[in-house]
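Some structures are shown below for you to check.
You will see subunit A twice below: alongside subunit B first, and alongside subunit C after that.
Now for the complex of A and B:
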């Protein structure tokens, strides 16, 4: 039934290294400069200090981390499900997943500050505060600097190990085309997914949920994962289209973008589902230590902070607009529209991280602070993004941008959405 | 480039780059039609079918006898007591609704994910879904005690000016489940229309011709009919997908919106959905493993199908295990003493036997599916899936009973025991469910012939060769 193209050729020399010299050589240094400037700027502003910088740093960090984690998830699921349609673009995901290396290094300064006793970011690192209530003092076996850093080490080993394994094995397959490697990666992906789920969940809990040590939610890890899956699909679309405009990845067609857009749409719904579950159940039961999270962001009672507007923007931007906007099949098959929605979704993913993390920046005990956004945030975003992207391009180097040895590549090249 | 299939008959061997055939035996269109239609069109009912049907029907009779006794005497014949006012019926209800998830998941979500292997199993799974939801629906209806006024659960303008409580998830349940049932039924029936027409065309008896003719709605098989059919099918699949998630989400709200320790936790919605898929697939395996052997459908429902379902069971079982773990972690991390007590009480309190049964059945037993020989063995699959069904029933028992039986004040503690009537109703519900399923196997096309034909590799070629 399928009309099969007579011969499909792929350029075996395609690699990122040739075309992105600027990003490759400038990404990391420019990122470092931006971060230094952000830190300096924040310290120079009297009422902000390091606390503001760390908060802005963490928002950007969790945002880019979620893209790399999402890409690792795509790689894992591709092997678990023996997926063929995306074999032609899986290499891009493998490369972006390698961005976990720079991300894990970028968390080291925070871990170092925590071990040095800094409690500007993580309040639980302040012994006096933790002893102030019985509820908090019970959490000390988990919320302490040593265990926090040990856990960070475990996440780093697990996540980087998985990313590296799939990248290296897939590269090895480029040379031999050995199908046994695919089977090997399939086997690893199954138990790898367990390690991945464990590391991602507790990383999200450690690095974001414990910002407010009193608050807790069992779905928190799932929510961060869902956001990461959305972000990763959006980033893959943006990256693939950008590379195509530079003459790479010619074999990725509207059929693949259609499927990527469908997945982006589906995970957007899943993210909304987890976010709603979290909100709704906490709102309904109204238990004080849970409700406080939303009470502040919803601006309940006498709070007049401007956060309700951000919450509203989050609902509209992360769910309602993309949901309505991407529902039509015609839009998901329109290159420009898919590109637009992918960019839009990336922007709202940042908003989500901002909405979770920024309210924890409360320098004054008596006045509650509304949403703030400034040059420090922008510099942190560019800084972390630059280091992340620059490292990805550097690691990707002159390796083929397509998994040319994958035995299922031909499925991908002939992929048609029925 | 790719190596050839080692053994074309063993479809469980995966060769990357070569897609294993979804149907074995090298059958052509006619052979598949013959294989499926001969079951409902056979004039003689096989003895084996009667051997299964008669006990099922007797047990179903017991189901209705016990319910009648309960209604005539009053709900006092059930074991519900203070403080466990909500017991057996809700446990059974959630269990059966959970079973009713696999069918529509297979038909809708796997369809959207282009998992073509679903075509061999979707019909039977959808039928199972419908019967499971019907069985589930019995419990909320009977537990109110005064079943003759059950229509009060529906919001309709009435002279008493009495409305259900719209703020209660129990009220949303009525909508969620009736919507799900309606759409699942439509989806099942719509998908069956072309196959019913095939039965109509091949039927010999007058009654058969009339009945299948009526049900097939004048299907002609024209290009226009197929075009509309496929459009409607896709739309129904898209509508069903959120419904699959919504039903068990709302069921989880029944518990999670409360403040009761062990019930109130934010992971409940996806955890319940994963658990429902887990239990639902286990039931599909339990039904199809004997059915494929008895009705000679091994070439359509191949070992690869069993293996795929077992993989989904392992995956969703792991999600359920993840949720158990997160619940435990947060029960401790929250620092909430009531939450912490509930979980310790579950594992080491008076109901620890139920808890460890659940853990063994749901978490430990599926681990054998890490091994391919276990995934591809129908016997082991049947045993493990039976365990999973037991475990999923106990999961609901643990959630409902342990949280209720130890109230906030020790003076309000109690130990719930089911009565004989309770047990008869539970066993009877299986009889009711199996009776319906056996009737389906006997009189309706068990496999979606038209869809299976659509995924045959090269039907026009001769048998035995996988055409790659």
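Now for the complex of A and C:
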């Protein structure tokens, strides 16, 4: 290295507990209040209020879930590839991955409604509807309330188990600094990645794809995963920069942000690739139960609902703008630009979830509803986000914000992008 | 230093010195030195290293147009892909596949992507070569033994070019010495060798010889006959378990692979309900007659019903009560209004292609085929009528249309070869030919008339 090897100092005590964060004390209670308000407001104002509320709830839920899943993916990949560059950042990802615990609890109300026979969100829970066509009745062995809840339990155990294992093992290493723990986590990450991939794919299919029981897309899980990876990198950038402004993580430099931005850029392209693959094959094969998904969102001939504009916004916002905007190296090394694009991408990730989930809210049989967005959606976003972030800060608060026992930490802090 | 260069001459000025090089032992020193060289204000200098030097690009900060070249390459690739696909699939030869529009954007995306990447990669590759000053057969630095051996092994060299504004032979060398290199050398220009490198000619000849092999093989293959079946390395590609149109198919009772469309099937765009336009019949009378009367033309090619007694007089010509259209259909009149003389010219062109061979360019029935057939005195030959024949001129346009479509006597039907619109265009042209035989001077526009009179 051309510059004198700077002496890297790590404050061994630094943790989220050292700084004042409103979200720590307010997150969970404020979130619960917001959700209650959203529910009340929706029931009072919207057509089929419960369906609208559940729809808005699911959009926010899938959005924050994707960030936590993406962070778990970052942790897994860090160990699989034995990466050193992000050892100084990995703890933040481990903490956000622990957000899977509140998320799994937040899905419990939906699971409870499903087992109680509610079909406002998941139409397949309506036996009469499922018997209405041969195609649907063939799906009953998979799409039934009991099996759905059992699968939810499996996802919860697998995903929370993985998140907890990496978080706890990494914390144990803080005390001992034992490199054997890193080797152990590397071994676990290999088969852990398979479990993660299956759980994520099936969860995405169960919780979002089955909103329209007739429709199916085999790349759906990959698409959700790609969006989650983008969201996780964007969230890591936003979180790290925010914590830096509060005096934490001072050793994270432009070099780390450059790499995070590159990955965010790369996964943006990957998301576009999966999204186009999904569109392309469905468009080409032209099978009615597949095309209905895009026919509605693209407008078709006579469905002038406003959804085509949302689809266009999705293409431009989730791919074209970030792709062109983040292409230049100088932008990816510019702190403010990286922060801006990370926030922008988080916003477009929400748009993606909205675009997938919202069209399934159709209160009237004869009129097709265009895009709607209101206070209920904002309250759900704040509510789930508050509970999610408040829980993460609560779980992670007293632990070091940097994996101080990681044998690759020093390498990471000296990391330079050539 | 100088003793490394047997060719270097101790001259007072330095026209022959092309630069000064300093050799360093490790990357840390060279990064430090490079920073100093840059700080000293030199602009024409370079660092030569046998391995990538982390951090050197931050110090050297060479502005490069490479990203912009790549961006242009990407745009060219994308535009080429879109234009190529649109021009071939959507414009020049539109084909509908799987019910999609001829040029569908989603279908073009894979090609757009691939061609963008390909052209960008080519642009990047060749830009790097050109921006690096390659191809270059001769570099004076390579005359330096230490440079040759060092930078191809484990040494790193900083070279300052003599064309730099700040360059001064002694001062630059002293400056480089102050950076603690392991050695500093002046590099002298040597006359660029004009002789080709040894073996170059031989290699060129061999290459040229090898280059003739593929064309020779191709010429040979094209001019020889092979009586051995070719090798089929991929059996299931060459012999696919499928039926081809003309092959026998035991599955069906009639053993034909190619199936007829279901009775009543009408191909896309073939629903021809407009009897005036497509059949040359009067619409109203056709509708009225369609239920009871047989209004079909006397069969043009069918043999006449053989009379029971060959000696009996031939039956009187059947009365043709087909309700022929007397006027051009409205589509043709509209077309004439819009296209004007262009439509007549189109008719002329079609007439000359399809009709003139027998009927002659003027329609007088003296086309080349007619003349030759008459010359040969073919017994089955029926002379084509002149379109100016007294029996032809008063024919309603609908009858002419049906004659073109279905044929008459020896003339075959042209329904399958000439589109309906072109058949009408031919009739329009034919009418103008007929008119030309009976035209008066007042039919000619005044300006043309003057010209004609002037040429007399």
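Keep in mind that, in the parts below, the second predicted complex is superposed on the first by the 409 of 418 C-alpha atoms of A that agree within 3 Å, B and C clash if a C-alpha of one lies under 4 Å from a C-alpha of the other, contacts with A are read in each partner's own complex, and residues count from 1 in each chain.
Keep in mind that, in the parts below, a residue touches a chain if its C-beta (ideal position, glycine included) is under 8 Å from a C-beta of that chain, and two chains touch if they have at least 3 such contacts.
Predicted model only: the values in this text are computed from it and were never measured.
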Which partner, subunit B or subunit C, touches more subunit A residues: B
Partner chain in contact with A:41 - subunit B first, subunit C second, else both or neither: neither
Partner chain(s) touched by A:142 [first = subunit B, second = subunit C, both, neither]: first
Partner chain(s) touched by A:284 [first = subunit B, second = subunit C, both, neither]: both
Which superposed partner A:183 touches (first subunit B, second subunit C, both, neither): first
First, second, both or neither for A:351, with subunit B first and subunit C second: neither
Contacts of A:295 with subunit B and subunit C, given as first, second, both or neither: neither
Residues of subunit A contacting subunit B in one complex and subunit C in the other: 280, 284, 286, 418
Subunit B to subunit A touching residues, read off their complex: 1-3, 14-19, 114, 242, 245, 249, 253, 256-259, 264-270, 315, 318, 322-323, 326-327, 330, 333-336, 370
Residues of subunit A defined as touching subunit C within the complex: 1-3, 276, 279-280, 283-284, 286, 328, 416, 418
Residues of subunit A touching subunit B in the complex: 80, 82, 84, 134-136, 138-139, 142, 177, 179, 182-183, 186, 190, 194, 197, 201, 216-222, 269, 273-274, 277-278, 280-282, 284-287, 289, 406-408, 410-411, 418
Subunit A-touching residues of subunit C, taken from the complex the two chains share: 28, 31-32, 35, 52, 54-59, 67, 98-100, 106-107, 109-110
